[in-house]
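Here subunit A shows up in two complexes: once beside subunit B, once beside subunit C.
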Partner chain A sequence: MSSLFHEQTARQRIASIVDSFTEFLPPPERVMSPYLPQLDIPVSFDDGLVIGRAKIGGKPVYLAAQVGQFVGGSVGEVHGAKLTGILKAAARDGIPCVLIVESGGVRLHEGSSGEIAISEAMRAVFECRAKRVPTIAVIGSDIGAYGGMGILTTCCDFRIMTEHGRLGISGPIVIEKWMGKKAYDSSNRALVWKTSGGKTKFLFGDADVLAEDDAASVSAAISKLLAKSSPLTLKSIKARQQELEKRLKAFGKTSDPDVIWKAHGLASIAEASLANAKEFAALAKKK
Partner chain B sequence: MEKFAKSFSSKPLAWPRGKQWALAGVVGSGNLEVLIERNSKTTDQMECIVESSIPGYKSSWLAALGDFAANYPSGGTKVTIHDQGADPIVVTFRLRQAYDHLIKP
Partner chain C sequence: MKTVLEKFFGASAKGIVIKDKLMTGYAEVGGQKVCVFGTCDGTYIDNAAALRLAAHVIDCIENHRKTPIVMLVDSAGQEPNRTAEMLGLASYFGHLLSCLQLARQNGHKLITIATGKAIGGAFICYGMFGDRIDALDSASVGLMPIEAMSAVTKIPAPVLEKLSKTMPSLEFGAKPFALLGGVEEVWKISDDYAAKLATAIASSSTDDNRAALGKMRGGRKMALDVRDRVLAETAK
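And now, the complex of A and B:
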C-alpha cells in the first residue's frame, strides 16, 4: 500500500488514518446510481463515496471519503444522499464530521438530482455549524475540491490541505474556456498549482492547516481540530467579507502568483516551492 | 455496455474464518472493482456477474474468470465486477487482491 496520501484510494485513505471504521451502506448492499446505467456508464457499489463511523486519535467521528477516480468523484443523487446523511448524523449526535474530499462537484449526468443533493449537503453542514459540531474537510489530491464540492468545502469549519490538494469553484480548463488563454493558461501547471494549490490556499488562510502528503500527518491534523469549532456569526461573516475585499484590493490586478507569495513574506520562491509543509509554514510566518 | 452472468466450476472455498465480503479496485479508466461475497453454503461453483463499459470482449472475460476459478478454490462465492476498460492482467490482479482480502481473518 502506498504511503503517499495523494496516491491512495478513498478506502486506503480511510484505512490509513483511522483506529477503527464501520462502514454504512457497504458494497454488498448495492446502493448505486439509477442514472448511469441509462447512459451506458458503469456504476460503483458505493457510488463514489465511502461513509461510516470511525475513531481517529481515539475520538469518535463520522467520516466520508470520495472516490476521485469514479466519474471524477462527482456528487450524484445517491452519493449526495449519503453525504447529507453522514452530516445530519453528525449534527444529531454531536460528533465531528470529517470529509476527505476529491471531487469535481455535481455529477452532471444526474442533472438536477445532483444539484439538489449537494445543496442539501450544504444545508446539513450549516446544521452542524449551528450546533457547533466541527466539520473538517481534507483535500489531498489534484482532483481537489471544485464546483459544488469546492463551495461545500469552504462551508466547513476547517480545511486541511496538502500541497497536492487544490481548491476552487471553476476548474482551470473552465476558467480558460470562459476568460481566454491569456487570462488563465490551464496548461501552465505551475500557474494552476500556485493559484489553487494547498500552499497558496494556506497563505490566504483558506486552508487552516497545511499537512504533509502522508496519512500520519493528515490524521494528526484531524485529531488536533476535533475539539474545536469555528463559530458562524454575523461578526465572523463580516470579518471574512472584509478580509476578502482586502485580498481583492491587494492582488486583484496581479497576474503573477509569485507576487502573492512574496507579499506573504516568502523571500525565495524556489525555497518555498520545494519546502515541505512544516518548513513552508515556518517560512510563511517570518514576514 | 457488455453485461453477462456465468458460473464456473471451482473447488469449494476452504477458509471458513475470513470475511463475508471483500472489495478490490475502483471504477476508473483502465481499472475495475471486484466484489467477492460468500454465499451461505459452500458449493463447487463460483458465480460471476460482469458489467463492462467496453463491449466485445466476452471471450477474454470468460477466459480470465475461468482461469481464476480453476486456480483458486472459490466454490460458494459470488463475484460481481464493474469494469471501465481494465486489461486482462489487471482483472486477474484485482480478483486475486479481493480473494486475498476475503480469506484473511
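And now, the complex of A and C:
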C-alpha cells in the first residue's frame, strides 16, 4: 500500500488514519444510485461514499470519505443522503465529523437531485456547528473539493489540506474553456496548483492546517482539531467579512499567484514550491 | 425588476436599492418589516457581490433583530475566473452562508423566492439555504438545462429528454424542482405575491423538510430513507 495520502483510495485512507472503523451501509448492502443504471453507467455498491464510526487518536468520530475514482467522487442522491445522514448523526450524538473530500461536486448525471443533496448536507454541517460539534474537512488529492463540495468544505469549522489538495468552485478545464487557453492553461500544473492548491489556500487561512502528504501527518492534524470548534458569532463573521474584503482589495487586480506568495513573505518562489508542509509554514511565517 | 418588487412589497419596495444587479434593503410585507436582498437580470455572483450581500445580512443581524430575511434569486451562477478562484470564491460563498446561518440561529426567518435564473452554484450559495423556498413558475430552476447536461456528460440530449419524463431530476424548471422537494410551492403569475409571501413567512420552519417533500411528491424517492437508515444504524 502506498503511504502517500494523495495516491490512496478512500478505504486505504481511512484504514491508515484511524485506530478502528465500523462502516455503515457498506457495499454488501447495495445502497446504490437509482439513476445510473438508466443511463447505462456502472454503479458502485457504496455510491462512492464510505461512511462510518471511527476512533482517531483514541477519540470517537464520525467519518465520511469520498471515492474519487467513482464518477469523480460526485454527489448524487444516495451519496448525498449518506453524507447528510452521518453529519446529522454527529450533530445528534455530539461526536465530531471528519469529511475526507475528493469530489468535483454535483453528479451531473443525477441532475438537480444531487444539487439539493449538497444543499441538505450543508444544512447538516451547520446543524453540527450550531451545537458546537466540530466538522473537519480533509482535502488531499488532485481531484480536490470543487463545485458544491468546494463550497460545503468552506462551511465546515476547519479544513486540513495537503499541497496536493485543491479547493475551489470552477475546475481548471472549466476556467480554460471560459477564459481561453492563453488566459489560463489547465495543463500548466504549477499554475493550477498555485491558483487552487493547498499551499496558497494555507497562506490565505482558508486551509487551517497544511499537512504533509502522509497518513500520520493528516491523522495528527485531525486529532489536534477534534476538541475545538469555530462557533459563528457576530464578532467572528464581522472579522471574516473584513478579512475577505482586505484580500479582495489587495489581490483582486492580479491573476498571478506569485504576487500572493511574495506578499506572504515567501522570497523565493522556487524554494517555497519545493518545501514540504512544515518548511512552507515556517517560510511563510518569517515575513 | 422594480415592478416585480412592487408586486412583493407594494410601496415599501422603494426601500430596496438596486446597484450592479444586486438588491439590498428593507421593505414591508403585511405591515411587518423584512430585510430583502438578492440578484437580478441573471447576473453572475463574484467575490465582491458575495461580500455585498453578506454585509447586508450582517447589518440585519446587528441592527434589525429577528427581522425575517427575504432572498430573491435571479442569477446564472459564478463566472469561471482564475482570479476569483485564486482568491477563494468558495470561501466567499461559504462566508455568505455562514452569515445566513448566524441569522437563522439568532431567530431570523429565511425565505427564498426564485424569480428568474436559479441555476447551480448561484442557487446553492444563498437561495437554497432558505428555511422555506418558493419559486415563480416562470423561474429557471435546476442544476442545468438538458442541452448543457448533455454536453458535459456526453449523453445524447434526446436520451436525457426521454428519461426526464420519468426522472424530474433531469428536467429543468420550477415544477420538476418542486417534485424533488427543492421548492415548497410554485407561484403563478396571477397570484397575489404579497399575500403569498406573508403566508410563506408565517409558515416557514427551520427544519429541512426537502427530503420528506421529495419522497412524498415522488420526485426523489431514496434521499429520506437512506438518511434515516444512517441515523437508525448510528443510533444502535
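Definition applied: the second predicted complex is superposed on the first by the 285 of 287 C-alpha atoms of A that agree within 3 Å, B and C clash if a C-alpha of one lies under 4 Å from a C-alpha of the other, contacts with A are read in each partner's own complex, and residues count from 1 in each chain.
Basically, a residue touches a chain if its C-beta (ideal position, glycine included) is under 8 Å from a C-beta of that chain, and two chains touch if they have at least 3 such contacts.
The structure displayed is predicted, hence computed values, not measured ones.
Room for both subunit B and subunit C is found when the two structures are superposed via subunit A, with no clash between them. Of the two partner chains placed by the overlay, only subunit B lies in contact with A:P26; subunit C stays clear of it. Figure note: vertex subunit A, arms to subunit B and subunit C, all at CA centres after fitting on chain A; angle 110 degrees, rounded to a multiple of 10.
In the superposition on chain A, A:H264 contacts neither subunit B nor subunit C. Once the two complexes are laid over each other on the shared chain, residue contacts for A:A89 go to subunit C alone; subunit B is not touched. When both complexes are overlaid on chain A, the residue A:V67 reaches subunit B alone and has no touch with subunit C. Look at A:S170: by the touch rule set out above, it reaches subunit C but stays clear of subunit B. Ranked by how many residues of subunit A each touches, subunit B and subunit C are led by C. For the pair subunit B and subunit C, the least inter-chain C-alpha distance in the overlaid model is 14 Å.
In the superposition on chain A, no residue of subunit A contacts both subunit B and subunit C.
Residues of subunit B that touch subunit A in their complex: 1, 20-21, 23, 26-29, 31, 33, 35, 37, 51-53, 80, 82-84. Residues 47-48, 51, 54-55, 58, 61-62, 78-83, 85-95, 97-99, 101-102, 104-105, 120-121, 123-125, 128-129, 141-144, 149, 152-153, 155, 159, 163, 167-172, 176-177, 180-182, 208, 210-211, 214, 219-231, 233-235 of subunit C are the ones touching subunit A in the complex. Note for the complex: subunit A touches subunit B at residues 9-11, 26-28, 37, 40-45, 67, 69-70.
Contacts from subunit A toward subunit C in the complex involve residues 24-25, 31, 34-35, 38-39, 51, 53, 62, 77-78, 80-82, 84-86, 88-89, 92-93, 106, 108-120, 122-124, 126, 129-130, 145, 147-148, 150-151, 153-155, 167-170, 174-175, 177-179, 183-184, 194-196, 200-201, 204, 206, 232-234, 237-238, 240-241, 244-245, 247-248, 251-252, 254-255, 257, 260.
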